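This report refers to the structure that appears directly beneath it.
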Amino acid sequence: MCLAIPMKILKITLDRAVVSSGGIRRTIGVNFLKNPRVGDYVIVHAGFAIEKLDTVKAEETLKLLEEIQ
Amino acid sequence: MKYIDEFRNISIATKITELIQREARGLKPVNFMEVCGTHTMAVERFGIRKTLPDNVRLISGPGCPVCVTPKDYIDKAIAMADIENIIVFSFGDMLKVPGTSSSLLKQRSKGKVKIVYSPLDSVQFAEKNQDKKIIFLGIGFETTVPTVAASVKYAKKKKLKNFFIYSGHKIMPPAMELLAKDKEVNIKGFLCPAHVSAIIGVKYYRIICRRYNIPCVISGFEPLDILQSILMLIRQVKSKKAKVENQYSRVVKASGNIMALRLIYEVFSISDSDWRGIGVIKNSGLVLSKGYRDFDAEKNMDLPDVKTSVDKGCICGSVLKGIKTPLDCKLFSKRCNPDNPYGACMVSSEGICAAYYRYRK
Amino acid sequence: MKTITLSHGNGGKLMHNLIKDLFLKYLGNPFLNKLGDAALLNFRTRKLAYTTDSFVVKPLFFPGGDIGKLSVCGTVNDLAVSGAMSKYLSCGIIVEDGFNYATLEKITISIRDTCKSAGVNIVAGDFKVVEKGAIDGIFINTSGVGEVSNNSEISVSRITPGDKIIISGTIGDHAASILLAREDLKFKTGIKSDCSPLNKFVSSIICRDIKFMRDPTRGGLATTLNEISLASGYDIAIEESGIPVKESVSALCEILGFDPLYMANEGKLIAIVSKDAATNILAKMRKHALGKSARIIGEVKKEKDKKVYLETRSGGLRILDMIAGEQLPRIC
């Protein structure tokens, strides 16, 4: 029940943001995100950002996966 | 695509699959349940089931909003679309679900049902078309509810008198607890939903884990996430110690999204809810709260009564709980198939019944 | 004249003027201009291919094409994948009473342009007007006849285990473009339909080593491979990592829960070719503008369960069935 993908914030105006991924763009709501900033990756579901993607944790997870044994 | 493709890496996937095969050797057969339709979809799409050892069984729980929405909700939504001057807006998922004698898809061809990607689109349509009454079908779990809540708040801010919600929203934890208690289902581990968890955090899983001693791993949706989470569950089972682990730490915070939770419980309040195939689960549904009752479709409109038929022979409920497989169903493949779904489990193309249908000989 | 009315279809003066001022103006050629009851045609070979298709697409105009362009390409392409170079098309148009004249003109111009690009002529036509509500706007039928090339031997019975499967380019573009034009999903994408006539492309690659071809239209690549598997009797195995998909189409599919494998294409073909000739045929395809993204995606297997298998990009295994109904945007 949670089809959502990471998209990058290109522009913010109040509680609306333009986000992009793979060359496609949409304006979405950032109403329930704390301090969203241009350049942040956010998880986009049904036209709203439901959470930020922590890029540091993402890299850590990937490193863990590469070294998994 | 950034932060997606990296989590589909085939050499890492192969490595984890080999680890799963190795570490599951000698293990008594285990049932791991995933409770999110998007997990069911990902498992099918990436062909993960075929790579797992026979003693690790992935069962799909009732995490598909399409599958658990009661038939009378569909019948009522179809009846709403029949009323002059009303347009029903919905997520695409709902359109093919069979009602008693029709479906929303059939209403769509008459122009009375429109598909939207975001519930906010339906409010903005209502704003621009004040001569029409707009009803939005609110289905989905905690991931989707804040988006509907934000849209209703926008409607309130704009003082719209022609926008309504028909809520069929449900929340996950009570259903998970029901299944955790059920000895017939015999769950040895939960793959917890990625984005529901992003909203609600880890609190409820800790309760379930403690009470029923069932390992819980919050898992992302990419193949590496799912495979790593299955490995983590196997390791927990072998260590005989159940705990809650967050594999999807790049998105899920332990506390969840507090702003989203506040929004949900400002606009909605908890009620009992009927789950198709399972029955009523206490405190598992959401209805519009007192301050937002003006937007409640059922309370503000003269809606006709509907007569809903009983699903004869359909065992979707047992399939959703993982107790039976689609092969146990008398209707499977004959009366009920992807072209003509009878029960809700066959409607979703990644649902357990549709997946079994594909693998039939 | 603003709209078409029932009178334009009743065979009288209004209709004759319409045919002259619109259809002959844009589509005229020595055959059509005769306005005979039938076109009299000469052929060089005895082996002809003949096909028909009807077009009811909504919306009528979408990025990369329109119903007019589609109606020419659809028939030209069915002939092309049968190894036949189309020469003559017929075109039957039915419109609803009240249909906008300027729209009909725009569609006719598009038919003209596409015919020119494909090097074909409309040699027979028909025009009818029906009551409002009897049809939805405009329906077009085209039929086409073409000469089967001497170099071609297209037959599903020639398919054998070991044959390679080639897709001529990216999948899902057309269906994505239609979806965005039809539903108001509010995405900015730049995605265009791949609608194109394939006859000249096929001409540049046709040879006996191409055993079978089909264009993956409705139901997409997966459905078409199932049809081929059923008809030939053999299993088919393909690899997801080899299937070309545009980044924008891929991103849209991830967001809406669509599967590109089941999305329609209108300017692509699948070729089943001899194993030893595959690399050469691929190279020839890539020399042509319509084949730049061509890839070998799999092969025909010796097992006879008539199933299509996909090795997923993460190393898993998936069975691809035929499409069951329309794909719709999802949240789950």
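Brief remarks on what is shown
Note that the chains are named A, B and C in the order they appear, and that numbering of residues resets to 1 at the start of each chain.
Criterion: contacts are C-beta pairs under 8 Å (C-beta built on N, C-alpha and C of every residue); 3 or more make two chains touch, one makes a residue touch a chain.
As the structure is a prediction and not an experimental result, all values here were calculated from the model.
Taking the mean of each chain's C-alpha atoms, the chain closest to the overall C-alpha centroid is B.
Among the remaining chains, the Cα-based centre furthest from that of chain A is the centre of C.
Taking each chain's centre as the average of its CA atoms, chain A and chain C sit 37 Å apart.
Computed centre separation for the pair chain A/chain B is 22 angstrom, with centres defined by C-alpha atoms. Shown for chain B are the residues that touch two or more other chains, namely 1, 4, 9, 37-38, 41, 64-65, 91, 117-118, 121, 140, 143-144, 224.
For chain A, residues touching at least two other chains, in rising order: 1-3, 5, 21-22, 45-47. Among the residues of chain C, those touching two or more other chains are numbered 186-187, 247, 250-251, 254-257, 330-332. On the chain C side of its complex with chain B, the touching residues are 183-187, 241, 247, 250-251, 254-257, 259, 305, 310-321, 324-325, 327-332.
Put simply, chain B touches chain C in their complex at residues 1, 4, 8-10, 13-14, 17, 37-38, 41, 44-51, 64-66, 91-93, 95-96, 114-118, 121, 140, 143-144, 223-224, 337-339, 348-349, 354, 357-359, 361. Taken together, the chain A residues at the contact with chain B in this complex read 1-6, 8, 21-22, 28-29, 31-34, 41, 43, 45-48, 50-55, 57-58, 60-62, 65-66, 68-69. Of all residues in chain A, those touching chain C in their complex are 1-3, 5, 21-27, 44-47.
Remark: chain C residues 186-191, 247-248, 250-252, 254-257, 330-332 touch chain A in the complex.
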